[in-house]
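The same subunit A turns up in both complexes below, where it pairs with subunit B and then with subunit C.
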Partner chain A sequence: MTLAMSSAAGTPPARNGILLGLLSADPPRSRVLSLLLVAILATLVATPFLIPGSQPIGTAAKICIFILLAASFDLLLGYTGIVSFAHTMFFGIGGYGIAIALNRLGATWTSVAIGLAAALALSAVLAFIIGLVSLRVRAIFFSMITLAVASAMLVLASQLSGFTGGEDGLSFQLPPELRPAFRVLADPVMGIAINGRLLAYYLILFVSLGMFLLLLRIVNSPFGRVLQAIRENEFRAEALGYRVVAYRIAASVIAALAATVAGALLALWLRYNGPDTTLSFSIMIDVLLMVVIGGMGTLYGSVIGATLFVLAQSYLQVLMGTVSGSLAAVPLLASITHPDRWLLWLGILFVTSVYAFPGGIVGRLRRE
Partner chain B sequence: MSSSVADTKPGDLPRTPRDWVPLLLVPALMVLAAPLFGNVSSWVTLTTAGLAMGMMIFLMASGLTLVFGLMDVINFGHGVFISLGAYATLLVLGPLAAWGEADSLVLNLSLLGLCILAAMAVTAAVGMLFERVIVRPVYGSHLKQILVTVGGLIVAEQFIHAIWGASPITVALPQTLRGAFVFGDVAIERYRVIAVVIGLAVFGLMHLVLNRTRIGLLIRAGVENAEMVESLGYRIRRLFVSVFVAGSALAGLGGVMWAFYRQTLTAGMGMDVMVLVFIVIIIGGLGSIGGCFVGSLLIALTANYVGFLAPKLALVSNILVMALVLIWRPQGLFPVNRQ
Partner chain C sequence: MVSSTPPKPALETRGLTIRFGGHVAVDDVTCSFMPGTLTAIVGPNGAGKTTYFNLISGQLKASAGSVWVDGQDITGASASARTHKGLGRAFQLTNLFPQLTALENVRLAVQSRAGAGWSLLRTWNTRRDLIEKAESVLETVHLADKRHLSPKTLSHGDQRKLEVALLLALEPKIFMFDEPTAGMSVDEVPTVLELIQEIRERGDRTILLVEHKMDVVRSLADRIVVLHHGALVAEGDPAAVIASPIVQEAYLGIETTRPEAAHG
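Right after this comes the complex of A and B.
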């Protein structure tokens, strides 16, 4: 794996000190990429006012959450060089933590705190144990064991219906401040009511942004450098005196915690959590596609990948519908351009990007 | 070690000491579990069911572990060959539906045989393509192998959807293979007996090929040190490809057996069972056929016993068995030494 280009931060120039500090001296290093990132951030901030309606704001919230989820996965895949298939398990634990706490203990902020804390604790313990059992022997066990544990967890969540709501999942009430009926300001601003729903959206946006910057800080810390060293050459890192197992386990715990927060945010937004929204294997595949297509080994790749993917999920199918309609006369072509087959095209894009441009979109942009 | 050396005639090479302990696990589990059941009949039924399921898992897992052992390639897309093998039965069941309805054991068994042949042919061909297009460019990098084979899995599953449709398809067992043999109050499903027979036959055949033929010798040598085999003038590449193709065909065979067992086809059915397959090859020791066999039986028997005795625990029993085995032997039951 040669993703070395992502790691060389170099000495930061003095100008833009605060911004650079926020980005942990790891700027996008590409004009197009910077413009894209600024555009994504600005659009996300302005969505409720720019594009009114419940669907755009829902898509925007999903983008924020999946950026965080993909970024935390990239900490494992891109920076540490290990593939986990249990990342959505931690995502689900976060969602269930919030859902169960708010459902059982009532719609208060205390319940949110208790649910989140319990979920974080469970995720940390699970990630630690899985890491200890699998990474101790060989890194390749990790992928298989995470797959096994995650599928057991999925079955567990749908079987323990008394606790998790089973296949139906759990719906719950939010704390009063986040409900649509709550008014922050009496009068609408720019024709948009400033209500609890909007507050919830900005809560998600800023928590995601904060967590993203924190992850950026982590990957650019000395700890992050050791992870990259392990990715590039495990044997040499060990010889230099770094305990590879300990670093890998720590990375997987941190990634699990960030995924838990993302799951909690998704549950807060949907006011619901179930196996299909957070735990399912198809979400795991989605996250994998986001990170690889966006660019492994750079957190900005997750931003681009997640944004593109969520948009594609919402709008690519419409495009494919028109293509498929025009090809209706050709049997196989019509069926592989059918809107339900959109994953086929993303899968092909995924395979080609692993071969042809392992740096993903961001790697491509940075080369120019 | 010293005794085995002393026993041999001078000039003979000392034999590798055999590791018997893991082999005793399966009978030990069967015996130890017996007193937990109130009656003999449910123990017999569950044991045969477990053995049949274990054989099917072994068929599906053996190719994967062999491919890993020889080529150091971990194929996360292996599940697709299972699904593909299952769907390939439709090619035979479509035109020959009458054979399945006929009340004749010969016709029914030849239908099953044809299904297996068709499935193995299809999966072998796709396996060759998969090796060429997906796997070959990423030899040597586990991370890329995992990513690319998952990508291949996504694409291939979508192709199955595109060709056969996205909704589940039901397949019926041939007439005479339905139902059960009944001895007193012990009932043994006929199809499970067939699964055990086919599983044992394949295991025996693999054992013979690996231990008694020249190809098997080369494969075993390749597992230990591929470079050395190559420097002795053998084309290890060709060996790689043929093992990959054979592994895919075995997955296809397992897929047929699994399809008739579940009697429903979905594109994701291979991926669902892959979880068990991964647990099995980890337990057995990556690359070990014998370990894979023992692991399959161990997992399937435990799942059946626990499912009967404590249904709540059944969900985690596989994980628990894996954890226990890894605590005992971190490299699996039969660790494979690589150079």
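Right after this comes the complex of A and C.
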């Protein structure tokens, strides 16, 4: 199998092997897709230097985190064929783990470790129990249970205000090395201060990238192949000797752990966690859309879907403001392109893209 | 038959029964299958042959009775656990992974046999041995040149062969074929029958074969078991069983008392 990405860049065969190994023998298999992925990665790495300002770097951090969140959701939806509505619950657990630990135990790396470890443990246990009680039965029952548990968790997070900060959420200080005042180098590089904020960004970028490659390895492992077999025909997978329940539970625990890490990263970036930033159902819908639009059953779809979605969320309003301003003289057009209508346009964009690319963007690109 | 010690059945069902509401689909079937023998299970449509298979391989839970493999009670075991006990099943209605390639279909069976499903951190294609094994099984059923096609693009006959390939890849001790040649074109049938014959000639495998074609049954079977309305009504030497009055009535439809059950 030739690798479009490396042939485009003229990479010698030896490095080709290493790259293919990193990608777990699952290359993008489309020249356009390879170029898009390289462009996204390069832009994410260079954002702090290319586009100064706090909004672009914030958007870039959000893209990294949502790529990880969407990829972990695709492990369930696209690879295993099970629909969970509790994925943002695990995202929220990660966020609250960091927030509560740093808020209570002080702004140290030990608190980060304790918060993350506790969150991972809670997510694993919850995902295991939800899977155990519901994945034996029909897949729809699992979806209903996840919906119920996620709703309960949302109520719990709002009600236990002494612990979680309730509706207001929790703000906290980061360990000193991640604060803006922390200087890695005395002098700015390319006009950009090399400070703790930048460190935090690269921490998020590289943890997300590492976790993404790990998920890519898992879906291309013998285990991942079993998940796809279960998606295709669970009855036959069981008859071949695979314990379907056990594999599904394992997949949902792995996905939950990855979502927890994503939530922890988001909390670290925002120095805040609350119900609306990680737990809400609207994020659940966003993640679902990212996966479907990008292409289910291929982790590269999550990269494309999450990037497009976060960019649209961040810049559609700005774009519409410009359009609306220039159309100020036209009564109807000006009002429907008003920035407040951005959700309508986002909706139209997504309905159109799902209609035009039933296999997602990656499915479309790979057909060429 | 190979050794002189008293032979122990490879597979046994004792009083195996399943009821669906008031209907008894399999009715108190007690039967043993000796190692190295091929038993044909015959009976009219609706006699409970496939249901009997489902009870043995674990797709259905018995209402009463038990299933034993090598003297071990496996009645409570799941279908996947039974596969690991050496029970292998090919399905009557083609039952494959429709979007995956023929090679991947077989490779999944090989992987299950090798117990490699829980390997999470290595890439699947680093297990060259599993791929090579799958390729050799595909060659056995003459599908090597179609290994990159998915079942949904294969002809019905090729799907049936792939179904048999999955069973071969599992290397079971007990092979259960449910009408392996049903719907196959005449020139494809010998391939599958030769495969069954080869397994039989190895002498150490137990084969259960549901088959409608009487000439096939006569030429392959060491023994015939007749099911009728879910009950075992006759068993024994093929020629004698086929000639017996109860089979003439139950299976061949002479003097049918329940015509709806006898056609086929």
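As a working rule, the second predicted complex is superposed on the first by the 311 of 368 C-alpha atoms of A that agree within 3 Å, B and C clash if a C-alpha of one lies under 4 Å from a C-alpha of the other, contacts with A are read in each partner's own complex, and residues count from 1 in each chain.
In the analysis below, a contact is a pair of C-beta atoms (placed from the backbone, for glycine too) under 8 Å apart; a residue touches a chain by one contact, two chains touch by 3 or more.
This one's a predicted model, so the numbers in the text were calculated from it and none came from an experiment.
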Tell me which partner A:V83 touches in the superposition: subunit B (first), subunit C (second), both or neither.
first
What is the contact status of A:R225 with respect to subunit B (first) and subunit C (second): first, second, both, or neither?
second
I'd like to know which partner A:A152 touches here: subunit B for first, subunit C for second, both or neither.
first
Let me test your reading of the model: by the given contact rule, A:R217 touches which partner, first (subunit B), second (subunit C), both or neither?
second
Tell me which touches more residues of subunit A here: subunit C or subunit B.
B
Overlapping contact positions on subunit A, where the subunit C interface meets the subunit B interface
none
Seen from subunit A, its contact residues with subunit B in the complex are 1, 77, 81-83, 133, 136-137, 139-141, 143-145, 147-149, 151-152, 155-156, 159, 281, 285, 288, 292, 332, 335-336, 338, 340-341, 343-344, 346-348, 350-351, 354-355, 358
Which subunit B residues qualify as touching subunit A in the complex?
74, 76, 134, 137-138, 141-144, 146-148, 150-152, 154-155, 158-159, 161-163, 166, 271, 274-275, 278-279, 281-282, 286, 315-316, 318-319, 322-323, 326, 330-331
Where on subunit A does subunit C make contact in their complex?
21, 24-25, 217-218, 220-226, 228-229, 232-233, 235-244, 247
Please give the residue numbers of subunit C that touch subunit A in the complex, ascending.
57, 59, 78-81, 83-84, 89, 91, 95-100, 104, 107-109, 111-113, 116-125, 127, 130, 166, 170
